[in-house]
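Structures incoming, each one as structure tokens.
The same subunit A turns up in both complexes below, where it pairs with subunit B and then with subunit C.
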Partner chain A sequence: MRVIVRKRVVVPRRFALAVRIGSVVLALLAVAVIFYAYGVNPLDVYRSIFFNAFGTKVGLTETIVRMMPLLLVSAGLALVFKTGFWNIGAEGQLLVGAMAAYVVARTFPDASSIALIPSMFLVGFAAGAAWGIPPAVLKAKLNVNDVISTLMLYYVIYWVFQHLIHGPWKARERVGQLTYGGFAHTEIISKNAWLPVIGETRIHWPTLILSILAAVGVYVFLNYTTAGYEMKVVGDNPEAARAAGISYLRTVTLAMIISGGLAGLAGVGEFAGIQHRFTPEFLSGYGFTGIITAWLGGVNPIGLLIANFLFGGLLVGGQYIMIDYKLPIGVVDMFNGAVLFFVLAGDFLLRYRIQLRR
Partner chain B sequence: MASEATAVASEPRETDLLVKMVSIVKRFPGVLANDHVNFELRPGEVHALLGENGAGKTTLMNILYGIYYPDGGEIYVRGRRVEIRSPRDAMSLGIGMVHQHFMLVDRHTVAENIALGYAESLLNPLKEIKERLREFAEKYGLKVDPDAYIWQLSAGEQQRVEIIKALYHGADILILDEPTSVLTPQETRELFKIIKRMRDEGKGIIFITHKLDEVFEVADRVTVMRRGKVVGTLKASETTKEELARMMVGREVLFRLEKERVSRGKPVLEVENLHALNDRGLPAVRGVSFRVHEGEIFGIAGVAGNGQRELAEVVVGLRKATAGRVLIDGVDVTNKSPRFIASRGVAHIPEERLRHGIVPNLSVAENLILKDYYKEPYRRGLLLDHSKVIEDAERLINKFDIVTPSPLTPAKLLSGGNIQRLICARELHKEPRLIVAAHPTYGLDVGATEYIRRILLEQRKRGAAVLLISEDLEEVLQLSDRVGVMFNGEIVGIVRPEEASIEEIGLMMAGARRLAREEMAS
Partner chain C sequence: MDLSVVENILWVGFRSATPLLLASLGEIYAERSGILNLGVEGMMIMGAVSAFITALTTGNPWLGVAVATAVGLLMSLIHGVISIHLRGNQVVSGLALTMFGLGLSSVIGRKYVGYQLPVKARFLPKPLSEGLVKLPLVGKALFDQEPLFYLSIVIAVVLWFVLYRTKVGIVIRSTGENPAAADALGINVYLVRYACTALGGALAGMAGAYLSVAYSPAWIENMTAGRGWIALALTIFALWNPLRAIFGAYLFGVVEAGGYTLQAYGYSQWLLNGVPYLLTVIVLTAGATETMRRRMGAPAALGVPYVRGEK
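Showing the complex of A and B:
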């Protein structure tokens, strides 16, 4: 038996879509086996996920709450992936953005919402971008592997964060006359810094608007600006880009500023819109899940919206099944991993034709 | 329709034919690449396949090799009707193919490349391969070092590896797609010897080329294609260069261009004692000095690998000079960025067209603005003016006759020669001060070759300076006002084509003769 792998000359568009959908379906099947091993009926589980995520009003609004940060992160990632640069550290850029928002809110507790909210987003974007720049420069100047440097920088900021909330940023709590530092969390930021929400839901609408703008924005940017053109050239043929005088450093740095910045915005939204203070469990993996949805959606607003809405739903539904079926907390991560695996394998299928022969 | 033309004297019986392709049809979005094509190959024959860029030659051969499946038609191999659905099928039928652009893996050795995916024994294929490589070396004179890495090999050597790869599977039907366009004259002669030896053994060889002289040198029969159809099949001994050219292009082709006298202006490019390293870090350009003036074509002749490529790359800013200077219109541009140099009015037709010349997944239109996208009129503030981009692309596609279904087609889907036309269109449509052209007519059909040469001469007349690098000595001598011969990183002589003999230039190219400074033409 021999395996022959050949590059495809043309990838039909419909085939590309089919492979993407197919990979999600395969992931569902693979994880079903594991549910089955846990002694629960996979069909029930999926029905429950679907119902809890999309079937109730609360479920739907919660799905949107999860979709917003995912959309921000994946829009930036889809763009930076176009340049052939692998930003795996969006989770870190998100965290830096959130920390920047906290600093703003803490420094100006009495400022008005009108001043605070835009400044938090601005500073959060800048912080996320700043955290994204070093890997770009390192790759351009010293050819440092982007996957490793972006991921490592995530760990760096993660431990800085842990240090801060266990020490310098730890809340001083007051009981009567006594103040003492108790648990590893920060103070709740002043109400002025809280993002407004829609009605009774947790949908902080400024982030919703930003996330939709981001999904449309990256598409417009890539296809209608000269900088976007440069990114396509660099991603497709870096040598030709160099010969045409396109700076790799500038192009990739700009892509990372956008990607890191958008992840930073997601962090601001999550912090000022939902959690309002830091606990050790602040992060919930949007930066990593966004890698998958960026692959699925591509630089395409509709694709990004659909992929992130579905994954937002999965995160919501996943929570319920852990409770309803007493499944371990890792199940949702496992599902994510399975999807990523199948999506990447599917992508390989898109580019290569595989044949088995005797 | 085209079938009457092909029904040339079919002396051998049907079952004696190695290959018979009947009424092959292949459509791509927007193009009919093969339109009821008939083609046959006899044992012990070299069959040349000619045709304009985009005529459908590569497509037809890709069908025979199983890369594409035809939309219609039948294929017979040794008289038997076959379905070829993959190169694997083709190989098991004894069909081998050497592609227009090589498909070897750079970082692997010769033996590993041959082993990749194809070896018979799974455990230690390398040993077995090395042994058989020795056999081939003896039998056909196909010498290569099995342990050499592909990136260390010259184009000619890489091609030998491709041929060996095909023969390795016992191919007795060998397809060579433009095998000579990347070869030096010596390598070409070697290749022809190998081809003739294989023919004498009874193998059939299909040979695609744009160089008509080669047809008469090796081919027994020749089939001419035009716009997806076969125009006719002829015996090489019964036709002429002019007739073939007319069949291909549908009009008379001038083989000699009128080179007007142009009075030479002030120097545009000045290269002074230039030094540079090659990719492996060894000295490749060693103290080169020359000048190219307004209205002058300065040719560089030499056997590939003597520093010509590195020289061109330094001039356009793609490679760092380790010493010396490059001046353009008196401005020092040594080690400046490619864009800075381009902005001084330097156009560049690169040697490695797929690597430096195009962005494969971007459209033809997007490729045409690669050097200009950041300037007016394409750039509007931060935005790119798409309608202007398309409008200009359509103009250039017409002017340079680029065969493409639309300006939005990805560049990688163009035929080899049309990719080269795209690059020429991008670089030559403006009014450059200096044109650095490496193998500008590589892979172009006779019509397009004539056209590009004419453009170079027109640019010269307009007052541009041209640095022309080509292994095609005839081309260099025909177009250039002066020719610098490079050997081992140095310019060993500068001559005027009308004053020097081919023999003398040949001696200099081989390093056997060297002109003194005062003997050099200035």
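Showing the complex of A and C:
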């Protein structure tokens, strides 16, 4: 008996879908084993996640609240990944965007919402883009590793952020007193800078609109513009791109401006739409989860919407199981990692055909 | 700042360099064979939690190191199977390994948060000889350390020797540079890559053990705090050379330790926490000009799956 592995020429759509679903199911089973070993009933955990994320009205709207920043981040990441550039630091670009929104809101507390909200998004986009540009330039000019530089810049801005909220930006009533354990926070921004929400939910609709525009926008950009086409060429075959006179520097920088900028928008939404002030726990990992959803969804609005909706739900459901089953917050990371493993393994079946021969 | 301050910075710096050195040595071998493993952070944190629990329950730090090494190795094999046999995307697989490790370690360590290792279950710095420790400046840094510190240097020298002075080293390097040619010469490319990936995992696990049984003998979630990523940067900075990794690790360690010391002089601890990460970018940038000048780069087949007969 011999195993023969051949490259597939075409992948049937249904088969591709079945493999993806199968991969996720296997990941669920693998994590179930870990839950079981930990001493909780995996079926109960999964039921709790699913019910709390998708089974109630509050759960569904919260899932959408989580989906919005993920969608923004992953739309940009899916695009930049097409160029072969690995932006792992979207979390930092998101944070810079949020910090920019704070500066705008604090500088013009009396401005009207009509002026403030668009300005925050604009400045947030610019700030996120600005934080994303250096790794692109360093990679293009000096071949500095993109994975490391983007991630390191996340850590840099994270500590700058901690410095600011523990010092210069700390709410006034706390000044002059050393505080330990959770008193480090900024003042709440003026109500004019709060994003409007839909009814009783926490869905801040300007971000919802932007996130859907982003998911559709990157698709149109990649497939219907020259710059987008150049990104595909650079990603598929850098040598051919150079031979064709496509500038690597310009292409990758543009992709990072879009990716960093969209992450910045996600930060603005999270800050001005949900939290309205900074605490040390402002970040919740959208920049990292977005890497997975970008990779799963690709530059495809439907794919991105599905992937982010599901992972948004996982984040919502994850919060409940942390409380109900005393599981640490890392459960979500563990789940994300497992899903990626199985999807990667499943991809093998999509790219290759395995035959058994005597 | 008097001399004793500098002496202390060097001592603390060399201590914090040890996990960076161990992890980047492992990654050097993995990358030399052509496998890019971005899961160092995940393997390291799994090493840390398993070493801590083992040392706490058995009271034996060496047993903790052994278990951590085995756990790191097993973790790396997940990445190995996906990258080598399944020809998956190594960047995504490595990220998945990091996420999975960070998450799983927090689940496993949940019941141990806040525990401290009893003194007998830790590695404690012990002067090699009273005379050597009295050497000015570097005496403490070099001769008042725990066993893993010395072990890491021995491992570095051995790995350098194997890589540059033995046939095994040639086999590994050729597998990373040109796997098709290596295959044609009868080298088992898959076997070499699995072995190097496993070594990388084992050393990352050992690095984690150092953190939780020697450096700060307690279990804290995410206690690796990005050290796995700094080790990856070190691998590049070291130009995939184990001896240069020693130099790089101590450079990073001393800068980190210098930061802690400056806190005492009124500088923002938050900003100082960010310095090692900024330094990583600066060092890589500065190193990049040298890499380009000397035309030295990553192993040519790094991150590229090998399939016989396929271009």
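Please note the rule applied: the second predicted complex is superposed on the first by the 314 of 358 C-alpha atoms of A that agree within 3 Å, B and C clash if a C-alpha of one lies under 4 Å from a C-alpha of the other, contacts with A are read in each partner's own complex, and residues count from 1 in each chain.
Methods note: contacts are C-beta pairs under 8 Å (C-beta built on N, C-alpha and C of every residue); 3 or more make two chains touch, one makes a residue touch a chain.
Values in this document were obtained by computation on a predicted structure and should not be read as measured data.
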First (subunit B), second (subunit C), both or neither touched by A:V233: first
Per-residue contact with subunit A, leading partner among subunit C and subunit B: C
First, second, both or neither for A:L350, with subunit B first and subunit C second: neither
Which superposed partner A:I306 touches (first subunit B, second subunit C, both, neither): neither
Partner chain(s) touched by A:A243 [first = subunit B, second = subunit C, both, neither]: first
Touching residues (chain side subunit A, partner subunit C) in the complex: 7, 34, 38, 86, 88, 138, 142-145, 147-149, 151-153, 155-156, 158-160, 162-163, 166-167, 288, 291, 295, 326-338, 340-341, 344-345, 347-348, 351-352
Of all residues in subunit B, those that touch subunit A in their complex: 67, 86-88, 117, 316, 318, 337-340, 342, 348, 350, 355-362, 366, 370-371, 373-374, 378-379, 382-384, 386, 412-413
Subunit A residues touching subunit B - in the complex, by the definition given at the top: 2, 4-6, 9-10, 224-230, 232-233, 236-237, 239-246, 355, 357
Touching residues (chain side subunit C, partner subunit A) in the complex: 38, 42, 78, 81-82, 86-89, 91-93, 95-107, 110, 221, 226, 229, 232-233, 236, 268, 270-271, 273-274, 277-278, 280-281, 284-285, 288-289, 291-292, 297, 310
